[in-house]
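Okay, so chain A shows up in both of these, paired with chain B first and chain C after.
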Partner chain A sequence: MSHGNTPEKRGDFHGGIHPEQNKLQSTMESSAQARMPAKLVLPLHQHIGAAAEPIIKIGERVLKGQKIASADGYVSAPVHAPTSGKIIDIADYPIPHPSGLSARSIVIETDGCDKWIEYKPEQDYTETNPSHLRNIIREAGVVGLGGAGFPSFIKLNPGSQKKIKTLILNGVECEPYITCDDMLMREEPQSIIAGARIMRHALQADACVIAIEDNKPQAYESICKAAEGIDGLRVALMPTRYPQGSEKQLIQVITGKEVPSNGLAVSIGVVCHNVSTAAAIYRAIHLGQPLVSRMVTITGAAVKRPRNLEVLFGTPIEELLEQCDVESEQIERLVMGGPMMGFALHDTSLPVIKTTNCIIAATRKELGLDRPVMPCIRCGACADVCPVKLLPQQLYWHSRAKEFDKAQAYDLFDCIECGCCSYVCPSNIPLVQFYRFAKGAIWTQEQEQKKSDQARERHEFRQMRVEREKLERAAKRAKKKAPRPKKAAPVDGAKMAEKMRDEAMSQRDSAVDARKAEIQAAVARVQARKKGTATKPDQAADAAAAVTPPKGDVDKKDGSSAAKDSNEQVQ
Partner chain B sequence: MLTSILALSALALVFGLILGFAAIRFKVEGDPLVEQIDAQLPQTQCGQCGFPGCRPYAEAIAAEEAQINQCPPGGEATIHALADLLDLEPLPLNPENGAESAKTVAFIDEQTCIGCTLCIQACPVDAILGAAKQMHTIIESECTGCDLCLPPCPVDCIEMIEIKKDMLTWKWPYPQESPPDSRPDSRLEASA
Partner chain C sequence: MPFNTPTSPHQLAPTSITRVMVMVMLALVPGIIAYVWFFGWGVVINICIALVTALSCEALILKLRQRPVVPALSDGSAALTAILIALTLPPLSPWWITVIGVAFAIIIAKQLYGGLGFNPFNPAMVGYVMLLISFPREMTSWIPPSALADNSLDFLETTMFILFHVLPDGVTFDALTEATPLDSLKTHLALGNTVDEVRAQLGLDEETSRVLSVIPIFGAIGGKGWEWVGGGFLLGGLWLIYKKIISWHIPVAMLGSLLVISSIFYLIDPEHYATPMFHLFSGAAMLGAFFIATDPVTAAASNRGKIIYGCGIGIFTYVIRTWGGYPDAVAFAVLLLNMCTPLIDHYFKSSVFGHKKG
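Our next item is the complex of A and B:
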């Protein structure tokens, strides 16, 4: 291990800003355990990916740490009961999301015992297969606690093709106000270091770097102390700058390498995790405890006693505010996340979820609400601070005019929505909101395009089929009619005989046709295979079907073709 | 004099051959404009434009027999896309063709369905599954919300349900520039 008090300088990123820190308020006192609420509301979708599926029934009693919803698909995470109690509801409840929508949630009535389910720590992780470790982490419901909530086990899978050179633990916490990682690093450095070692083992990474900004000297000291003497572990102290904690920017600073546009960090041999995720992984492996709580910063000028609380998921935000002596009438806006990238909440009764790192109860004075939005004066300040070296002004014009292809040509999707451009804009234009709108609109368009292409294909196929059926029917009718005019007035018996003969003929014909078509299809398949092109067996089958009249409809009149249509439908 | 006539004739012959060859070799089947217009249409095949499907409407637009503002499911977005493509002025949606409404999918009340297969024959995208005297059901992911299955149903057991907005389909709205009320990136000024 090597560390010194000189700031690290490897790479650098463009732009960035130095907003007012406002971190001191919430670090005045040490963290505390939040009070147990009477009721916990646990949304099933607290992470990126598919929502979890409930595996318990209403009325069932659950213990702390018991799995109550399991992951649905690969990119998903299970949900565990944060305390012991009774399941009282599984229904739609409002969730902390910018949309203000409701989503399926499990409600637990707490019993106050906080009784843990029996859990089993992993004896020695170094003896354990990394894949098994990932499974434990997945089952423990660990997701990225930095704010995005991406299931952690996926980011601990290096894949077969690439060697992971560096594991970066992100303790930068560059957004103003938020101090939950800072507090965790001060108070639980051992858990973080232990988690880092597990992650390194899971990834088989060469080195591990813990990145901390120089506005957190206590956290730095504490982590350095805990990391003393561990081989291949380095603690990097970096000058404070926003948005240094953004994954791609941090990787650029630490390794000097730039993550390619549309690429992932893994592609350049780097994996980045948050420090609190490391602590959660330590608890999952060393203690066998699933993720049921997290550190949340409660701050903002409307809060008299801002501090960090260890909060059970599902706890209503209003209870936390109360514990921090909130002046409710002072709250102009409640923000989840930081002031730069967070979003406004519509209600104080919303629950804390896995991605809630900070709650800001902001006063009117604190928010710059009175500054009017003015027209763009083309000063270019936004381009100077953009950490991705985009042209925010061009993106703004095109997003605003809904010229989405042009916005994409200016690499809209490389925008990390850090908010630097909005921060420096002298005209107070909500630039990031325009980019978010444009991104959403483009995604919607793409989905609609996909759906309409599919509909077109199905429609064209249907038309082809209807046409084919019409031709077949016409052909059959012609065949049936043709021999009839030969006899002028056949007696009943003769009529029957003729009909039977016709049927026999047509059946034989159709049998011969079917046989021919089968042979043709087989020849076509063989030829296609020889060419080495991928064969399409369904096309060959279609060709055969086109020649073969459907069986059993020789006698049918047009009027009764409905049933046949529907039979075809089912195919 | 003669040389120049010969040279020019030779050139004309060579270029003529090249052009003639290109005309055969790179012949475009069908009308590419119709394809391009068809690609912009929402493919609901609903017929609200007055044509029996999206492609006939695309053909009519290409032949300048129809306006670009007759597609209610596509709405403003489609009109803008067509205006861009054809270099025309965007027009407001023609109210005679209907109004732009929220996206819907059909739903069959399975208790009431008598299994007559009439809706199956009406569905332009084969999104209804069923057989004679068997209960029918909608394949939701394939349904375009065209309403064409509603009129033939003899027992009125099909209804159109608005697609619910959830977290996955929700998108950020167009920002209001003033007042900047719900700015998520609202700055917090120095305090304390």
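Our next item is the complex of A and C:
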């Protein structure tokens, strides 16, 4: 039952599922502008990496697009004022995060003028150095809008050693309910294509593929029309299957290649960006506008008028729900993101951030009754659908039994948490939850290991210091009563004391210099020992520093965190 | 207003263990109909006795283990075990045979190991094998297909016999029963006859057989009646594969290996080895391939593992049928391979995404 476009497909990923789509509801009408709220709450951490650092003061007036917090470190992104108004607070506010915790945010009281700051479009990007383009994109605060929020400029840096063969624009949007990319592709195909061309230039990529699933025929048509006549750009229509929009799975389908475990797509010459990121990059370069708003799908059975809204960051979710005629008392669960990988929010007052692609206000009826968790019957349905070809069953047993080393031996950390296994499980076992638990426990263990290592080193260092002081005292005494200092020296330091006494005795003649030399010798010895044992904490510090590499457009990004990020990018 | 915040996924497929079990039971229906058609009402009564026993035993043990009773009973697994055991018993077995077998399966083979999902051996087969070893006479006294029998019992008479061991006047138990085709073939081959001779003796048309006063229990390909029952299970099994309740790997591997090994011996010496089709359509081959070997709890997990597992069952079935001490061997073969499951699972894993081999 392939859809005519089979030659577009070079490979296939294992497993996958076909959940109820629920996309039609929110595409019945075209997108609209969200109403301007009275207050915007902008968390400083809306992306992956370090939180931004505020550069304004409370009481200051800001214009739309004005930078209000700058990136702190390489993997970070600045935050801009989404509209004109006054800064009324910089403090901890609840953020949309699975933890339900608060984090530092800037609060803007909007003035209703929506007055833009003066901005300067780039005249001709083809004349611009790719590095300069990346800096503009970085300064515009563009991050991956598919859901992960990884700073885009980093993923537009091919590095020195690799040639980028394929740039993939991800318009797959495989999660049910979400239609914001679909809407954007229907309504703004030109921005996406223009963004794609900029990205291709920045990466110097050979070819560009825009991937769209066949449940979005209108988006496909509109993108095809906009892409007509552009060399090296093709639009691939793919049979709908979740999680096709996951980066590594999409790359496998488009190129037929597997991204190595723990590796990055760039290592096989592929870079993957979301279509809405492309549109944001177009705005940053062609119009000079920073990222201040995004398309958000407001849907779920509790919403009477589900649709897509162009939302300023910091807008409280309740305002959006209200605009879409929500029946508040019907809401059983509020989900940010898709139903497969999104997370449930505590309440409706939380703000929309850069990674918010969808808000689902789900009713009890929609979610279904809570089904009892039954024992695993080893049916293997989970393994059949796992897109990473893991053995979810074994991972489950070991995670449950807290045998984390065994879970890791079954490649726990290759799990992308797509939720396919939990979805098909006839026993309703919350499998993904077990894997998250195991991963968290392993990370904690590693951290504790690190901590105890450091504590041990501190302790050893202290012991060494105490010993050194003893020796110094012994040496002093040895000098005072030269003939028999042995008794004074403690047993464990006896050898050293003897040595020092010998030194002291040999230097007795030059009484004045002796003291100085002795102290110097002791200090030198201590320093030598200090160097020997203290390398480890130093290395740890280096490692910590490596997580936030120096500012600027450097070639290498932090591999491990980037790998994690790309894993999260299921759209 | 704070909402509940369970973790993703927030959408689940409309599936449950109960649904899986009910689908499997539905798939048994064509086979059961053929069974009733050829062997009378005994099997239905056996199923009823087995169901009552299984559910009571399961409830009793769950109570003793202080586990919730209703969810475990409603998952349908105990009921399925009961039906499967009933299908393996001779249609006229006395009620206590069924009760002992099912109770053993549920209490010993399933609940004492920890209940659903934790039993290393297929409970139905454990129950069957226990009965076969303990009560060989009762377990091998089959009735011939009703169309061929001199006397066949109606529903009431069958019930009376199973429950109270009371037969209608003038009918003796020995007159009612007959060894299964697999059994008689085995016995006759052991006596030095060739397959053709046995078939000639026991596969005659009704006229001659009446004259010779032997019952023609051999059909066109398998045992008479048996081939239809097997066909019914095959049909149900194919439907289960189509519905993705079971995967094709185990049935294909088991029947395939049985076909291959029996063909090899048949080609070498057709005098002393039964035809491949006879093996496929006699005894518990079809039931075993689609409904017993595929029990996920006790079978290998990965697809390659399932193929190994299925092949093992097929080969052991043939070996035990041909050279072993028991006429049918599916149950023993399944239990033997159940033992190998952890080993198979250990050695046959899929290669994880991004981990290139070699």
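As a convention for this text, the second predicted complex is superposed on the first by the 473 of 571 C-alpha atoms of A that agree within 3 Å, B and C clash if a C-alpha of one lies under 4 Å from a C-alpha of the other, contacts with A are read in each partner's own complex, and residues count from 1 in each chain.
The rule we apply is simple: a contact is a pair of C-beta atoms (placed from the backbone, for glycine too) under 8 Å apart; a residue touches a chain by one contact, two chains touch by 3 or more.
Small disclaimer: the values here were computed from a predicted structure and weren't measured.
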Open item on the list: Looking at A:Leu367, would you say it contacts chain B, chain C, both, or neither? Reply first, second, both or neither.
Closed with: both
TODO: In the overlay, answer first, second, both or neither for which of chain B and chain C A:Ala344 touches.
DONE: both
- [ ] Answer with first, second, both or neither: which of chain B and chain C does A:Ala383 touch in the superposed model?
- [x] second
Open item on the list: Just checking: does A:Glu60 make contact with chain B only, chain C only, both, or neither of them? Give me first, second, both or neither.
Closed with: neither
Open item on the list: With both complexes superposed on chain A, which partner does A:Asp414 reach: first (chain B), second (chain C), both or neither?
Closed with: second
- [ ] Check the residue A:Gly263 against both partner chains and state whether it touches chain B (first), chain C (second), both, or neither.
- [x] second
TODO: Considering only touches as defined above, state whether A:Phe434 meets chain B (first), chain C (second), both or neither.
DONE: first
Open item on the list: Looking at A:Trp443, would you say it contacts chain B, chain C, both, or neither? Reply first, second, both or neither.
Closed with: first
Open item on the list: Once chain A of both complexes is superposed, is A:Glu467 in touch with chain B (first), chain C (second), both, or neither?
Closed with: neither
Task: Residues on chain A lying within both footprints (that of chain B and that of chain C) - done: 19-20, 98, 176, 333, 335, 339-344, 360, 362, 367-368, 372, 419, 422-423, 428, 430, 432-433, 436
Task: chain A to chain C touching residues, read off their complex - done: 13-14, 17, 19-20, 98, 100, 176, 248, 252, 258-263, 328, 331-335, 337, 339-348, 360, 362, 367-368, 371-372, 374-381, 383-384, 387-391, 393-394, 411, 414, 417, 419, 422-428, 430, 432-433, 436
Task: Touch list for chain B against partner chain A, complex - done: 38, 41-45, 53-54, 77, 80, 116-118, 120-121, 124-132, 134, 142, 144, 165-167, 170-175, 177-180, 182-192
- [ ] Please give the residue numbers of chain C that touch chain A in the complex, ascending.
- [x] 1-17, 19-20, 71, 75, 77, 115-118, 247, 296-297, 299, 301-302, 345, 349-356
Open item on the list: Looking at the complex, which residues from chain A come into contact with chain B?
Closed with: 19-20, 22, 24-25, 45, 95, 97-99, 101, 103, 176-177, 300-301, 333, 335, 339-344, 360, 362-363, 365-369, 372-373, 402, 419, 422-423, 428-430, 432-434, 436-437, 439-441, 443-445, 448, 451-456, 458-459, 461-462, 562-563, 565-567, 569-570
